[in-house]
């Protein structure tokens, strides 16, 4: 059952990712990305990381992608402008195929036995457990992230605000 | 109330970072209450923070410790690089005072972003965990994306910001993907643990190699090694000159530090796989950087290619590795910070408002109109070219002997050849300054405020006097290397 | 017959049946009852508030049932209307948008507890479709998806009014989602849970109700919720004076109804959230469930008593729901529409800082013991 869901969702997320890259309309791309986020959320839920699954939807599908759509609408992008030349496409496909092959070989030779250390608790993935680990073991990365977000915020405001002179 | 047991953490270990972040936020708050004329004072607040952080870093030298669940490490290696970053930040702040006022981009955000970037470098340098390193790198990069586009009125600056952002995000994605593969293979993110697990268990080695390769691409981008250097010329040319100076020093040093830590700690068992890649990178980076720099008309662009070449020299030290190679790298990073920021300070002075005079020909006759400035530029260019007895010479000397010491004879020869090529384009500027017919008028009297004079004096000290008596700094660099 | 009984009494099948009954009940309550009723209430209440006679014409053989048949008449009318897709519109997305809009407002009910937990004939019955550990986050996650329906509707119609409406809606809903999430953080700190079932269970004592300790959060939450639902006074995305009808200008027939139903359903789900978070869910003030169970248990026997208490619980829940719905309707007919920039200012510069302040105060209160946690 779990395997079946994994396969279906995995295939769907790969499919939607392809649509996202290949679609001519920006809105289609954005909506495919939303679908990818959904599939990923399901995959997280399968790993019994329910909090992460919900946050995936809340943050990515619900917030970030809405902003994407907002920008697309603000610029009123209808369709990719200009004629696309397809001559370069072969090189990209070739490169992609090589990268994919390397990836398959590398991942295929990996043994998937055993679970990563310290993740075997039966309360794994619950909000309380994630919160606990976030505020103890991972307190430093957590705080650096807040600095990172503040820097990004300040940078964004500094770049777009009107300077009153 | 149920209490959650906290792991052993030592807040004192991150005191320098806390100082910088606190100062950045204080500056943001002060900015609200300062009138336009008082904005310069914000620069001095930032400078004070850099000073305090420097003091704290020096205090921590010699007492290594690991804290925050082994995610953060304080050692002399990180201390040395942090001092280099602080030096770069301090000099940049000083040379920004006049520049930002002229360009109308003065404001608290500028300095707080500089401090945030420096904080990011600190976490990168001290990160003993893939997560910490990546977050530090992102903090640094995002601040720099914004700073590169800070001169919003100039199209070139916007272009620089966008290009840097898109390519930088791509390289971060590469690095993160690589890190996730290493995590997938090892099951941990701690560098020591990764080394231990990979060393014991060879069955996931292919995944680690792929991950390591992707991480290498990410770092190569950050240190602008060929062929991941495409962004450098445009970004260096378009960004405000002080920011260009900053980018060429601190972030590069921090990226090298994290590079060394990840590859000579976590991935040490793959050494024989990656040294050949780094060897090729070093040769390509030096050669391509120097050759393209030869034909540049814009001085900022020329320095961009020259900084690519310098990254190549430092990679020579990385290829050599060992105590000798690492200490030579550290020493070179220090000297490079002095001389490159000094040279950019002079470029900023000559460039004047709006950065209109940034072509090499704008330096014509500078040696006669402003003899002292000309002399300073000559000293810095000599040092960059590596002409004895400047510090630049000694820096290169140690790098190349480290390579020879490890038996990389061809690498050393190629590097030496490259330094000869480099002399051409540095000398060209000097030739233009002294031998080309004088044209254009003198710089206005207010072009030399005390702040920028201090920057140039510090740069001269670092690139000339340090060359004559490198002892103390060299010893410090030697004692700071990771390898024993 | 025996085989059917034995099949039903199998634990898994029984569980499935109970869940289906719960889903059926919720669907019936929302789509079947509240959606048409609210359409009627909206008209009738506006008529009363504006001192006029409204919605009293539709009738069968002269029986008008105080205008209730208007909902029926409307439904018949809308079903037979032409389903129009403008030229140049993105046909696929245009059709998909109302569906995307209506699904989140239905799915949200999955985690809203509507009657408490009971033991019937030795079987645990929990009156909630899914008791998720992250129930509250689930509500926000699903709620945030409602934006897509509106945005895509605005985008795909190939109409400037629609586009502007969609643009406004996306910015507004996004902004208020952030704020709404922050307003309930204090409650999460107070009840120490993200599960709505837990939160309701902890409100059995009247003095632990959310509204007692978190009245400011209640006001802020309701404000945000109304804004999130784009109802007056926050209906700038569909402002008829400026944008014709905003994002659903180009919709007609059943697709139009779906947008309206989505809005009504969202009102109901918001009220349901409010009841669960602030008004003690199915609990009656000063009466514990245990007391009711023993009282009715003694009177009617253990299981029948539990059923009665369960029905009372559901009734109490629905009563509270209706009170909040009427409150929202009253707001609708009392306030003038805010200007768009006012809406954004209110969200980002007033409610957001206030909710942050409230989180801080709750933290101080909990640490100092002023706010004893249940």
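In this document, chain identifiers A, B and C correspond to the written order of the chains, with residue numbering beginning at 1 in each.
Throughout what follows, a contact is a pair of C-beta atoms (placed from the backbone, for glycine too) under 8 Å apart; a residue touches a chain by one contact, two chains touch by 3 or more.
Every value quoted in this text rests on a predicted model; they were computed, and no experiment measured them.
J.: Which is the least count of steps on a path of touching chains running from subunit A to subunit B?
T.: 1
J.: Per-chain C-alpha centres versus the global one: which chain is nearest?
T.: A
J.: Compute the distance, rounded to whole Å, between the mean C-alpha positions of subunit A and subunit B.
T.: Taking the average C-alpha coordinate of subunit A and of subunit B, the gap between them is 31 Å.
J.: Quick check: how many Å separate the C-alpha centres of subunit A and subunit C?
T.: 30
J.: Using Cα averages as centroids, what's the distance between subunit B and subunit C in whole Å?
T.: Between these chains, centre-to-centre, one finds 55 Å.
J.: Over in the complex, which subunit A residues touch subunit B? Could you list them?
T.: Touching subunit B from subunit A are residues 102-103, 105-107, 109-111, 114, 116-117, 132, 135-141, 144-145, 147-148, 150-152, 154-159, 163, 165.
J.: If we count contacts the way the header does, which residues on subunit A are in touch with subunit C in the complex?
T.: For subunit A paired with subunit C, touching residues are 25, 27, 31, 34, 50-51, 54-55, 57-58, 61-63, 66-67, 69-70, 72-74, 76, 126-127.
J.: Under the definition above, what is the set of subunit C residues touching subunit A in their complex?
T.: For this pair, the touching residues of subunit C are 90, 93, 132-134, 137-138, 140-145, 147-148, 151-152, 154-156, 163, 166-167, 170-171, 173-174, 177-178, 194.
J.: Of all residues in subunit B, which touch subunit A in the complex?
T.: Interface residues on subunit B, with respect to subunit A: 4-7, 9, 14, 21, 25, 28, 68-69, 71-72, 104, 107, 109-110, 112-113, 116-117, 119-120, 123, 129, 131-132, 135-136, 138-139, 142-143, 145-147, 149-150, 152, 161, 181, 184-185, 187-188, 203-204, 206-207, 209-210.
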